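Two complexes are shown next, each including chain A; its partner changes from chain B in the first to chain C in the second.
And then the complex of A and B:
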């Protein structure tokens, strides 16, 4: 009886080991890139998920290429010029560009794309935001169009360097099957779409006729890797382990707590870039006590140390935010780190001067019946929770406290719109500085995304002017003033930049994270060593 | 028997209606909808939000939306995902095989390990074997799936390199998720097998069987377990529901295809149509499996007759 058990046990063990023998073997030059979330769709005119772009950046090219210096280089467009009032843009296309279905990229195709984005039937969620007051596209010749807007639209420069409005989709493919396009895109990019096995993987392969690489590419002709497979592994730890064991050879979104572990692994290397947008900031509600008092908001700035937050909350893997509401890769970023240096004495002094004193001896300051207790509303996330608990501990010695309430994302949105918070985390990724209007103009208080609940006429005026200012350098100055004003008014507390941390096995080389939008990897120059 | 079966199937209809109402009302009540989630990444204006809500019919009154949903369900039209635009029926068809595979494998593991563990514990009641098996059962019930899953990944993928950490594929991709999902089932089934077997161990028919000179293991298996099986089967039916629920976590941890992964993502994104369809499907599967369990009693125990 016993020996039978032992035999069955051994047989089971042998079976299990046999299964394990089939170690992962990559095809030649095959990159297996682990993503943390599945894209929604690849009809970028309609969709809105950031994760669409991780794949789409390799299937679609853009008319212009934005550099980290804020320069727009020609790509699918040989030349773009704008009228002085930024109402008319003339786009001259590069010749010889074809979509993966063999049809040419010409003026007709460009017009089709812009017209389709604004067509209500497209139900565009994000791309329509790039089109401003679009009127029409006029075809000048086979390779030239003039795009007309009823109001000045300087943000169109950025739109032309973005995949949603600026990455042409094949009109022939869209006309044949617009619904199918969502899952099987046809662009002009270095890779053509092969398959999407839902909840498992997406495969792309080089487009053989490709010869119009992005301006920073290292070679010409078709893309190097034989194939790129995007595997969907949402759980952070599983993704890290899949990379460590070699099941995948590249992985995005390495959580900050795993960075140290991977740094000490000699089989892999890391690539970390700062993402554009707001970074991780705290928005401060200017209409609810105690943060309706400017002194309290400024005291918070003196009491917050982005360096310490980077260390405590993000294990130094996400760097301290040195600006106010724009991160370092945004062309209009301005370093304001010297404005409110860590100074708890100064913070306490501001509170004293404004009449916030501890009148009842409970250790917390109060004024006019209001306690200096901040209501924090946020999503349960290990990093932000650590940060807010750290802030709670920092504020205690100066007589302030934080009440932490963590909810699901839908409830948070409603609470922030209603102004139930004093402070809340905010993280947005965007390249175009004009987008700040959505987040901080008073027109977006209550129903929109302005959670500062503070109507500041200077901020409003500057954000309105930014939207129509055709001179890009004047526009940059305005954006700088907005950022400075918002920090002075204590509307936001910068904490850390949001970082895209990728990890690759040593044999994988040449994956480039787009310099101004690091979430998008370019696989064009990538290769797998020894294959 | 047949009239009983028909009656039982007919009573499923109000149950499913009830489920549909609860699911729909639940999704309707919770703050934040798919439009909020979708446009949370793009920063649309209040007008953009209103326009998209109108296009998706999310600004209609509750009863209008519910009526539309019911009408679609009755016609077998599950609609399109409001986030991805994919056909929901097709999505479910694509994901269902992986979940069935996982749930069945987990159920098989739970049954094949749980029943013998329960039998051994019952026979050796009070011994160290009983103590150890019940300790395993306690751990199995207490340990959350996601934690166990991560431990398996660390041990068998990272440590021993036997199985892939994530993904869907052959048998090697199935072993760890099925073990993770089945582990709590082992515990539950072992405990129920043990207690129901203990109940029948000292009954007259067992004594008769022994006095006929049958060997102990055939007394326990043929006479004891056959009688104890009704309660074990009931718990297997209920376990099916628990496993379906558990697949949400396990499929996410192991990055496996499946209805659970689909549903979890849909809930996060506020994708009404997809959440409703997956929950309705899970409810349907659950009531059908329990119906089958009810019918199977008569096969196990001829004394049970349906009228």
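And then the complex of A and C:
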């Protein structure tokens, strides 16, 4: 009897030890950060995936640092000045900055970077958008350049604070192996790249010579953590479980439904920021029936309630969108929530007045042979699916319906460009309002990102003017008018702001989400307590 | 010969002695009744959204709880039976029809035709059926109808192979040779003399195959390639619930249970039919 107890006890002990072996044993000062999606590449001149920046923000620094208040602080650049017409920018570099390969950051390197972005061979997808009417970079002295544009380019300020165009890549490394750079970047950031095991993890380690931290840093010298490992865990629940069991000690993109559960877990804490950009919006196709009718588009606005969407789709973890095409953290954001308050009667009345009536008794309104059925095209994402199902249920009582089609990103882009949708899902992160031109100017219908399929001369004119307006307050007014006009024309339906919700185990401290681009974590000041 | 002379009553009696088969048949029968009378049986509208009743656990009012939009899970599972059964029947009909035609042609005509058709079938057979269904959906695009076609296509090889084998052996039978001797046209021989004699194994495969098809259809919907929201399809419901395993287990449990029960009853029924219809057991 006695020996049986001993045996059982030993077995139990072995089991516990096995469990211990199974769990990850962290090395000293190691942060394991769970990501939901794998980056595409780290050649930021070429790539465009937002997930690239999660890692790249720690490998590259930028010339300027943009604060939440819209102020540009010096970083890799000691000073930047622009001519009054915003056509010439003079950048004076900080001295003593070196890339991870030991080569210096000098005027030559800056010129090489800008020239490379606009070079057609680079096939730049996103960075090129920051370069405007770039002409050339003139080398003034070893640490000073003058960047020339043929048209005024006020958005260049923002570009200098963004990793894509404003985060210098090592020219030596790019010249040696440009393709290899995509998988093994060399920048001036606090961490140097170590390895990328596809579909598993990416590792970065501190750059020992680093001594030019970002303006809001809490210490000087090399970064604090011994190592940062980005683990790719796409499944939401798996990421949450990995965090609660201690398999990782930090995780990004906490699904909204898990926020409550994690808040009551004393081992972890949450950090949530509203991201700038469009927020989560539905783009309405203005050229396909029934949404080619302004009355239908406005009726949709009266029938949607961002507050209810926040509750139903996002369990209140993502806040209701009160604007139109810009989110609250964007400069020149306007609160337009009073324009189209939830009012189903008003929506029905608009449809009645425009001649949308149910003539064949199927419960769905029709007009000129077109049924008031909306084709929705979006990503298979649980939150947006819930929102659309909810919208569908809201619209049925007023005689409209929604057909849901969820596709992968390649197919979705083709369908949206072809205008197969009535409403399509769109979300984009950016701080600089001038970026709206890429999304809503009629020149980008068909091949670009404008899925409204509606050429509105007022919006076009404003977006063109914004691009070259050097006076920032005039620019702000123009952006306000764009937001107002697009909502009034029912070109978009705002739902919620995009929210970055991260969760960390208590021992991990000091991870900062970049104020402007909240999705990018800064690990420079981070540390693991008790190690 | 032996099998054809067996009276159907004898087959039935043998079937009723097969406990598993009877259980499967009973379960299937109840499922069909539920599917047919879904609007009468379901306590709520499966699509009626009620945000303030979201994620309610199972209770006397909502036996299987409510989902993230406050829809009654029981009603959704009940209506889901219609979709799953239709998916099973349609895809198996597609597979059976094409498979039997291809198999008969290959077996009866033989030679080049046999070689070409069977090599095509071999190629299809080389792919696991779910992979084949995935390829078909990628070609056709997502959606319930396309999922049915895809699952149907992926099941063709098994029917074609079995039919060919049966036709080859049936061709050697005296009654076929007699029909050939009196100059009956090939089509008449195929449809009147051979087909009725090779249908039994296909029925067994079809019964088992319906379960597989339902499972494959649910898998496609789970991956977002089959039924689209808000369709109350079991696989899709399972997928929608997977983010809530810790928070609301009932979202995935009941659709999963329904899939399991359906596939199990079809397997039991298929096993029963095989034991009864397999001539080697006579």
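One rule holds in what follows: the second predicted complex is superposed on the first by the 498 of 531 C-alpha atoms of A that agree within 3 Å, B and C clash if a C-alpha of one lies under 4 Å from a C-alpha of the other, contacts with A are read in each partner's own complex, and residues count from 1 in each chain.
One rule holds in what follows: a residue touches a chain if its C-beta (ideal position, glycine included) is under 8 Å from a C-beta of that chain, and two chains touch if they have at least 3 such contacts.
Quantities reported herein were computed from a predicted structural model and do not represent experimental measurements.
**Student:** Both complexes share chain A, so when I overlay them there, do chain B and chain C fit or clash?
**Tutor:** fit
**Student:** Counting only touches as set out at the top, which of chain B and chain C does A:50 meet: first, second, both, neither?
**Tutor:** A:50: touches chain B, not chain C.
**Student:** Going by the contact rule set out at the top, does A:237 touch chain B (first), chain C (second), both, or neither?
**Tutor:** A:237 sits against chain B and chain C alike.
**Student:** For A:103, decide between first (touching chain B), second (touching chain C), both and neither.
**Tutor:** A:103: touches no partner chain.
**Student:** With the two complexes superposed on chain A, say which partner A:129 touches: chain B (first), chain C (second), both, or neither.
**Tutor:** A:129 contacts chain B only, not chain C.
**Student:** Which holds for A:448: it touches chain B only (first), chain C only (second), both, or neither?
**Tutor:** So A:448 only meets chain B here.
**Student:** Could you give the angle made at the Cα centre of chain A by the lines to the Cα centres of chain B and chain C, to the nearest 10°?
**Tutor:** Superposed on A, the angle at chain A reads 30 degrees.
**Student:** So, A:386: does it touch chain B (first), chain C (second), both, or neither?
**Tutor:** second
**Student:** So in the superposed three-chain picture, is A:406 touching just chain B, just chain C, both, or none of them (first/second/both/neither)?
**Tutor:** second
**Student:** Of chain B and chain C, which one contacts the greater number of residues in chain A?
**Tutor:** Of chain B and chain C, more residues of chain A lie in contact with B.
**Student:** Which value, in Å, gives the least CA distance between chain B and chain C in the superposed three-chain arrangement?
**Tutor:** Minimum over all C-alpha pairs: 5 Å.
**Student:** Show me the chain A residues, by the header's touch rule, that chain B contacts in one structure and chain C contacts in the other.
**Tutor:** Shared contact residues on chain A (touching chain B in one complex, chain C in the other): 235, 237, 241, 411.
**Student:** What residues on chain A touch chain B, complex-wise?
**Tutor:** Those in contact with chain B are residues 16-17, 19-20, 22-24, 34, 37-38, 40-41, 43, 46, 48-50, 120, 123, 125-126, 128-129, 179, 182-183, 197-201, 231-235, 237-239, 241-242, 244-245, 247, 408-414, 428-430, 435, 438-439, 444, 447-449.
**Student:** Using the touch definition up top, name the residues of chain A that touch chain C in the complex.
**Tutor:** 235-237, 240-241, 255, 257-258, 261, 308, 311-312, 380, 382, 385-386, 388-390, 392-394, 403-407, 411
**Student:** Taking the complex as given, what residues does chain C use to touch chain A?
**Tutor:** 47-49, 51, 54, 68-69, 141-143, 224, 228-230, 240, 242-247
**Student:** Enumerate the contact residues on chain B facing chain A in the complex.
**Tutor:** 30-33, 36-46, 48-49, 52, 55, 83-86, 91, 94-95, 146, 150, 153-154, 157-158, 160-168, 170-172, 175, 252-258, 261-262, 265, 268, 270
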